[in-house]
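Single-structure report; data block below.
All chains are identified by letter, namely A, B, C, D and E, in their written order; residue positions are counted from 1 within each chain.
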Amino acid sequence: MDYSLSRFLYTLLGLFIVMNWGMLMSSTMRRIIARVSGRIGIPWYQPWIDLIKLYSLRSQITHGTMFYLGPVFRLMGGVGLFLFMPMIYGSAYFMNYSFSGDLILILYFQFFGMLGMALGAGEGGQPYSAIGISRGLSQFTTIEVPMTLAVISLAIQYDTLSITEIVKAQQGSIANWTLFTNPFATIAAMLSLLGAFGHSPFNLVKAPNEIPIGPPTEYHGTFLGVLRTNGAILHVTEAALFMNLFFGGATSWLELILKTFVIYFWSVFVGVVFPRFRIEQSVRWFLKWPTLIGIISILIWM
Amino acid sequence: MKKDFDKDALSDMYKDKFLAPENEIRFVNAPDGSIIEVNPLDDYFCQERPKELKPRKGVVEKFLNWARAESLWVLGFGTGCGSIEIPPLSTPRFDMYRFGVQMRATPRQSNVFIISGYLSVKTLKRAIRSYEQMPSPKYIIALGSCTINGGMYWDSYNTINRLDHYLPVDVYIAGCMPRPEALLAGFGKLKELIKEGKAEKANEYIQNLDWYKANQKKIIKDWNMPDYNW
Amino acid sequence: MSLKDVLTPFTAWKRIAKEPVTVIDPFNDRPGADRYRGFHQNDVEKCIGCGTCEAICENEAIDMVPFKDPISGDSGLRPSLDYGRCCWCALCVDVCTTNSLKLSNEYTWITTDPEDFRFTPGVDKKSWDENDKGWVKPEPNYEFYNTQRVEMEHLHPEERVDSFIEMVKGYSHEQALAEADRCVECGICIATCPAHMGIPEYIKAIRNEDLEEGLRILYETNPLPEICGRICTHKCETVCSIGYKGDPLSIRWLKRYIADQVPSERYQSILNTNDINNNGKRIAIIGSGPAGLSAAHYLALMGYQCTIFEQYEKAGGMMRYGIPEYRLPYDQIDKDIDYILSLGVEIKYNTRVGRDITLDQLSQDFDAVFSGTGLHLGRSTGIEGSDNEHVYYSTDLLRQITEGKDIEVAEHIVVIGGGNVAMDITRSLARMQKVKYGKVNIIATSLEKEENMPADREEVVESREEGAVLMPGWAPQRIEIQHGRPTGLHVVKCNSLFDDTGRFNPQCDMEVKNFFEGSMIVQSIGQGMDLSYVDEKWMEGLSFGPRGRVKTNEYFQTDLEWFFMGGDIIEGPDVIHGIANGHKAAIGIDRYLQNLKD
Amino acid sequence: MFTINNDRSKFPELDDAGNALIDLTSHKYLKLWQGPQHPGVTGNMSLELTVTGDEIVESKTHVGYLHRGFEKLMERRTFIQCFPTCIRLCVAEPDPNEYLLSSCVEELAGIEVPETAQWLRMLALEMARLQVLLRQVPGQAGTFALGLGYQWGNYIRDLILDRFEELTGGRVYHMYILPGGVRGLLPNGFKNRLEENLKLVDEFLPNVWDLIYTNSVFKKRAKGLAVIPKEWIDQYGIYGPAARAAGIMRDVRKTHPYLFYSEIDFEPFTTDESDVFARSLVRWHDLKMTVDIIRQILAKMPEKGDIKAPTPNVMHWKIPKGETYVKCESSRGEYGMYLVTDGSDKPRRVNLKGPSYTHATSVLEKLLVNANIADTAAIMVSLATCPPEIER
Amino acid sequence: MKQLVEIIQNHFPINDIDLRKKSLAFISIHQNQAIPLLEWLKTTHGYTAFVLLTAVDWIEENRFQLTYLISNPENFTELGVRVFIDREKAEMVSAHHLWKSIWVYQRELKEMFGINFPDSPRVNESFILEGWDTIPPYRRDFDTKQYSEETYFPRPGRSTNDPAKHMKSKLYPKD
């Protein structure tokens, strides 16, 4: 692996772009939701202001070391995901630190932030945090099942565990996208994506009117700022993962922006019109249809 | 602005009355068989007296104040009838989100506390606790007559008359109920104040903590929490 | 779980094509509704500071604060709002007696200082002062109290015109309760009443059906309730706050109701005047009119031994000899006077000071002297022919009627004057005409125009009901005398009475003439006082003010320390001033004698 | 594959009365407070939950956060002063309070209200019900985080409040129905504007039906949740939509017609499921019915007429000694007022009885046992608890 | 209603009958007989629904009036059963075994009026108030205005004038 300075700087630039796009995307999504409600919604620049505000709060309290580390772990999860995710296919600058086994690492990083958060939020001592964590962990475990099945199906299909290789295999024509070559894996993954992005019916981790508001209940100020920064990065990067795996990757930033937007919009599209599941319903749901489809996708390629 | 008051006269009110049972020191059997001493006041609460958090100087503070003004996070705590006008504000007709005002479910993440009307003593206790848990800088908007001089319930035995005796208030809005527009205008006024650097009531609260605490303890008969809830 | 149930919710996304419904500029796009109950406005010129708004406010949000100096009918106070209390129920608007208070549809007021939320609408300038929308009292038939007076039953004109039976029947129990219920207890009337009677309190006593308490309240300031309840000029009713929206409260009739309902035997026990300690001092009182009786009553209560000197054979003065019986029956006068006499007051009838006993004698025999001799001399118009023997003064005629003397009533009569006395004599003579000739033929003419006539409105109306012809706005010029008897009165049109500076200076149009036929002319243009009983040596000690009246201090004490004067000769003329003067003088005499002792 | 087992081994022992015996030191249970600062709680109240895992084993309702002592305050206010005070009892639907006080006072004082005023009262009451239901119907889905319908409903509710503002001068606190009558006739063009808003409701009804009542996730969560057995209705005191969802017809407008409800043609919807979904469904039908009733009222009511019966002077209005109980149908169910007078100008005792008094205490506490924490908000909303009604 | 009252009269000693309207009547009964009467009405006359229980403080007569309002969902009638209890020894037999909701009312009465219902569930837990340490607030001898003024710092600086007194002081101060 090449650890040259320029590559590092380009990765940072990529991170910067991703973060800002992530924030713009979240405000755009909220404006879309607002429009369906009949409202105008937040200004598009609201996330940045919120972030400045959060970083500028004067008083912060802590519940202990892990409480500090929680958001840091979470950020590490997001940044780690980004670091090993090839963003722009074919670009020498924005391949980040993608390597041949990066898919495995990325699946791990998806879980890493969650665990860190669990430790930190648990330290906060808020019972709702604890309930949120237990919900989050159990739900995430089940989300991973169809996702992993889909990835295995892909690995079998493309015979590789490198994202770059998978993207490469999809180039040429839209027909080459995994979406068309392996629709069952795509469906399984896209259903698990609904859970990963945390919109209804699977937003039971934060669930404002049940357990306000789950793990981040005690987080405020800089801690929350870090979590929000991470959220922006994570959403784009995860969408980029799905883009890379199923939608032919991106060859330019514009393509990335469009594709991540559409992929993220999918979760919003479902989320706006459905209520939230209970945790056992959610777990059961993931283990039912998406898992079944995932298994089918593997069976097809076996 | 330092408030003068006779400390001696209030001293007997100012002592802790009693401790809630759940805040007493207790011993817990750990799974490994050892015995752990739990002192909730030390373990769950920050006993340190809060410090005044001075604003920065110059352009930086101005910029930060602008950001604070444009991002007002309101604590979702409907203390009185005024909370009926919060749903219209967050729904299509008035849509306060476009003004940078958003609702938050937890005090830790909120900056603005809307005291929506009358406060019963029982709610006041929770309101103080919520307020103190909010990170500084924090602001209070007082809604309606009841917070100013008792309003409808001026002669009630269970509602306070003057909110400014218990919590520092930045903006008062007249009405009973104020229309949602009045509330939006109140947010506008608050923004103005923050941008001018005049919304420093959180520090005023710390400066006069003794005075506020004395007032609070005078009416909250079962004061069973630490003096300051971080 | 059917597929339809999964898919139909997505139809909600069709909303994305619709424009948001948000109000773009909420501060300007959406003014309050026309009826919105926003911030208060008050028309301070219209407002009389009655404080009804303060009384009805359940939050004690309204304070009455001084705005200007009080005058009769306006307390000078204006409502001041505390928006730390107000709940915008607008009960204050609905109950407002003058309709001066309203709510604008302005509703935004934001401040950092809670002390700001106090203001006096109409006085403190606010942005919504000019706002003409907002809550006003709903219409129609929406009142918090009955604006219509409970009609007092009168004898029908046909029934009454030929007799001197009392024409006003008085309230029944239900009527009195209903009328008393209308009072809003503002108390504006108290200052206007010369005697400052506790009007709201005794009306409240009627409502509580506690007439004994009512009587006690009456006697605190007025020892002649039966009389006052009938013939008081009721200045209080002219300022009654209820009168702005409808009829003023019938304060006079309610007073009469209390007095009528309590039998005279019970007065002493109710008023607790059975044992009064006599302090041995003696007071002489000249004249048994309202002033004298009132002074005697209060002095007697204080323990003074009072002696009244009355020139006629019955007590009451003008009340008996100046007011016709149909308005004030003699037995009611006797009821009041008998009670005062029961307190130990002594009356020497047919004793005229200056003729039968001198003032000098009184000053020696008594510790102090109070004079309430009133206005008994008729005033002449001084026009040509007014010295004829068939041209009368109304005071003389009225007295003669009371005394039962035979009066030669002519078939055609002209009365000059537009005051209450003129109406009294007109109506009395009308009755006598009716008896004698079977029809009424009397003309009352006055300088003043109809709307400015000093007589009470109801007197004017009732006179007409009884058949008298009223011709206001004519200035008498000459009385036509033929064969030693008047045949009529020549008049010219009178355009205005007062000049720009407010001085009496009638302007007449000599071209417009008229002639009122009448073989009997009665002059009723005012009365004069007669101070001839004051000895020369004492006269020097008195000083005189405007209109020839004796100057007194606030306790009606003249420059001669032992000599007090009150009643019509000082203020008025009316009964209630006499009563007030007498009461005040009684206090003055007491103070004077107390000081003398010390 | 997965069935909830009804094995109570993880739950605490029950005593004879069916109450759970909870030993907190056993580490099996967690005390969890929901509220008063909790977005899922309807209003300012709190639930003290004892949970094991996600399941609630015991629930205690705590109220008093909104206690203003209305009943005491009204004892020292005259009858007319009671009227602005009384209506502030329930902010979501103040009109029944106004109506109850007025009709109690009128009944004891023997005052006959003019016909126009009675129709206007009915209109105000039904409009109040409409605006509440516009929040409640989609609000049920809102407790499961489907806020879209709530947003739509609230917009129409705002328009209805505009109509209230036109009619009564107040947006939230209408202070319209006062002893003796009402405080204003319909403004010009009011009927047309209201009809326009009703058309929006017509449009809204199928939209929420598609969004909520045919929503698979909503059905999954709401069906079978918090079933109220029929025999509880009288035992626990369950009123209005909650009773109608259990198949028992409870609607004061039908059983004790007041005002001119007997001249209106309507049939409240009943169903037998008695779960959260059924209660929500009843409310949807109520909303539909309310629109229909308002249209009938507008068609039948006289345009002009007296709005207030003459009353004695309100500044000192004394009412003969007596006591009465008057009730009406609020959106939550039977709402009653017990008024005792002693012949003075102030009430001797006022007691307001709203359905929440039982719904939020004995019923909710019972229903929450064995429920999931996630469902507390939904169960509360389905009972339409309104805390000020409990503590007053 | 009238028939029902007559039937009750045959079984229980009741007085103070007030047939308020077609569907509502009030009756009074002695303290000891009240709960049996309620139970009898519930089991035999269809008065299965409980509407409310509240108290009225007749301080002049030194007694509390408890009103049990029950209703019959079959014929839509309501019956108020009044019970008078001594104010000094305010205690009443609990009826929580008859209706599942009645303990809430009893708990409230205990707190707000100080009327005790021994054996009623959770009757001693505070319900509405918190840390209340004076006489129960709904009793007539508790003056809420005075309490409020003493406790809650009303905003100073207000003064008002009575119109009549003000005019007296300005126009005729010496009378």
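Following the convention adopted for this analysis, a residue touches a chain if its C-beta (ideal position, glycine included) is under 8 Å from a C-beta of that chain, and two chains touch if they have at least 3 such contacts.
Computed from a prediction, not measured in an experiment: that's the story for all the values here.
Undergrad: Which chains make contact with chain C and with chain D at once?
TA: A, B, E
Undergrad: Determine the shortest chain-contact distance, in steps, between chain A and chain B.
TA: Minimal hop count between chain A and chain B: 1.
Undergrad: Suppose every chain is reduced to the average of its Cα atoms; which one is closest to the average of all protein Cα atoms?
TA: Ranked by how close its C-alpha centre lies to the overall one, first comes D.
Undergrad: Tell me, please, which chain's centre (mean of its C-alpha atoms) is farthest from the centre of chain E?
TA: A
Undergrad: Could you find the chain whose CA centre sits the greatest distance from that of chain C?
TA: Chain A.
Undergrad: Report, in whole Å, the distance between the mean C-alpha point of chain A and the mean C-alpha point of chain E.
TA: About 61 Å, centre to centre.
Undergrad: Roughly how far is chain D from chain E, centre to centre by C-alpha average, rounded to an integer in Å?
TA: The mean C-alpha positions of chain D and chain E differ by 23 Å.
Undergrad: For chain A and chain C, let me know how many angstrom lie between their CA-based centres, rounded off.
TA: 89
Undergrad: If a residue has to touch 2 or more other chains to count, which residues of chain B qualify?
TA: Expected reply: 76, 91-95, 98, 105, 122, 148-150, 152, 154-159, 162, 176, 179.
Undergrad: Residues touching two or more other chains, restricted to chain E: which are they?
TA: Touching at least two other chains: 129-130, 137, 142, 144-145, 155.
Undergrad: Would you please write down the residue numbers of chain A that are in contact with two or more other chains?
TA: Chain A, residues with two or more chain partners: 34, 36-40, 208-209, 212, 272-274.
Undergrad: Which of the chains are touching one another, listed as pairs?
TA: Result of the pairwise touch check is A-B, A-C, A-D, B-C, B-D, B-E, C-D, C-E, D-E.
Undergrad: Give the list of chain C residues in touch with chain E in this complex.
TA: 49-51, 54, 62-66, 69-70, 75-77, 82, 84, 114-115, 118, 186-188, 190-191, 196, 200, 554, 584
Undergrad: Quick check: in the complex, which residue numbers of chain D touch chain C?
TA: Residues in contact with chain C: 77-78, 80-85, 88, 148, 152, 155, 162, 165-170, 173, 175, 181, 183-185, 187, 207, 210-212, 214-216, 219-220, 306-308, 310-316.
Undergrad: Using the touch rule from the top, collect the residues of chain D that touch chain B in their complex.
TA: Listed in rising order, the residues are 25, 36-39, 43-44, 64-69, 72-73, 76, 84-85, 88, 91-92, 135, 150-152, 154-155, 157-158, 161, 171-173, 388.
Undergrad: Hey, which residues of chain A end up touching chain B in the complex?
TA: Those residues of chain A that touch chain B are 30, 34, 37-43, 46, 49-50, 52-53, 56-61, 125, 208-209, 212-213, 216-221, 224.
Undergrad: Could you please specify the touching residues of chain E with respect to chain C in the complex?
TA: Residues 155, 157-168, 170-172, 174-175 of chain E touch chain C in their complex.
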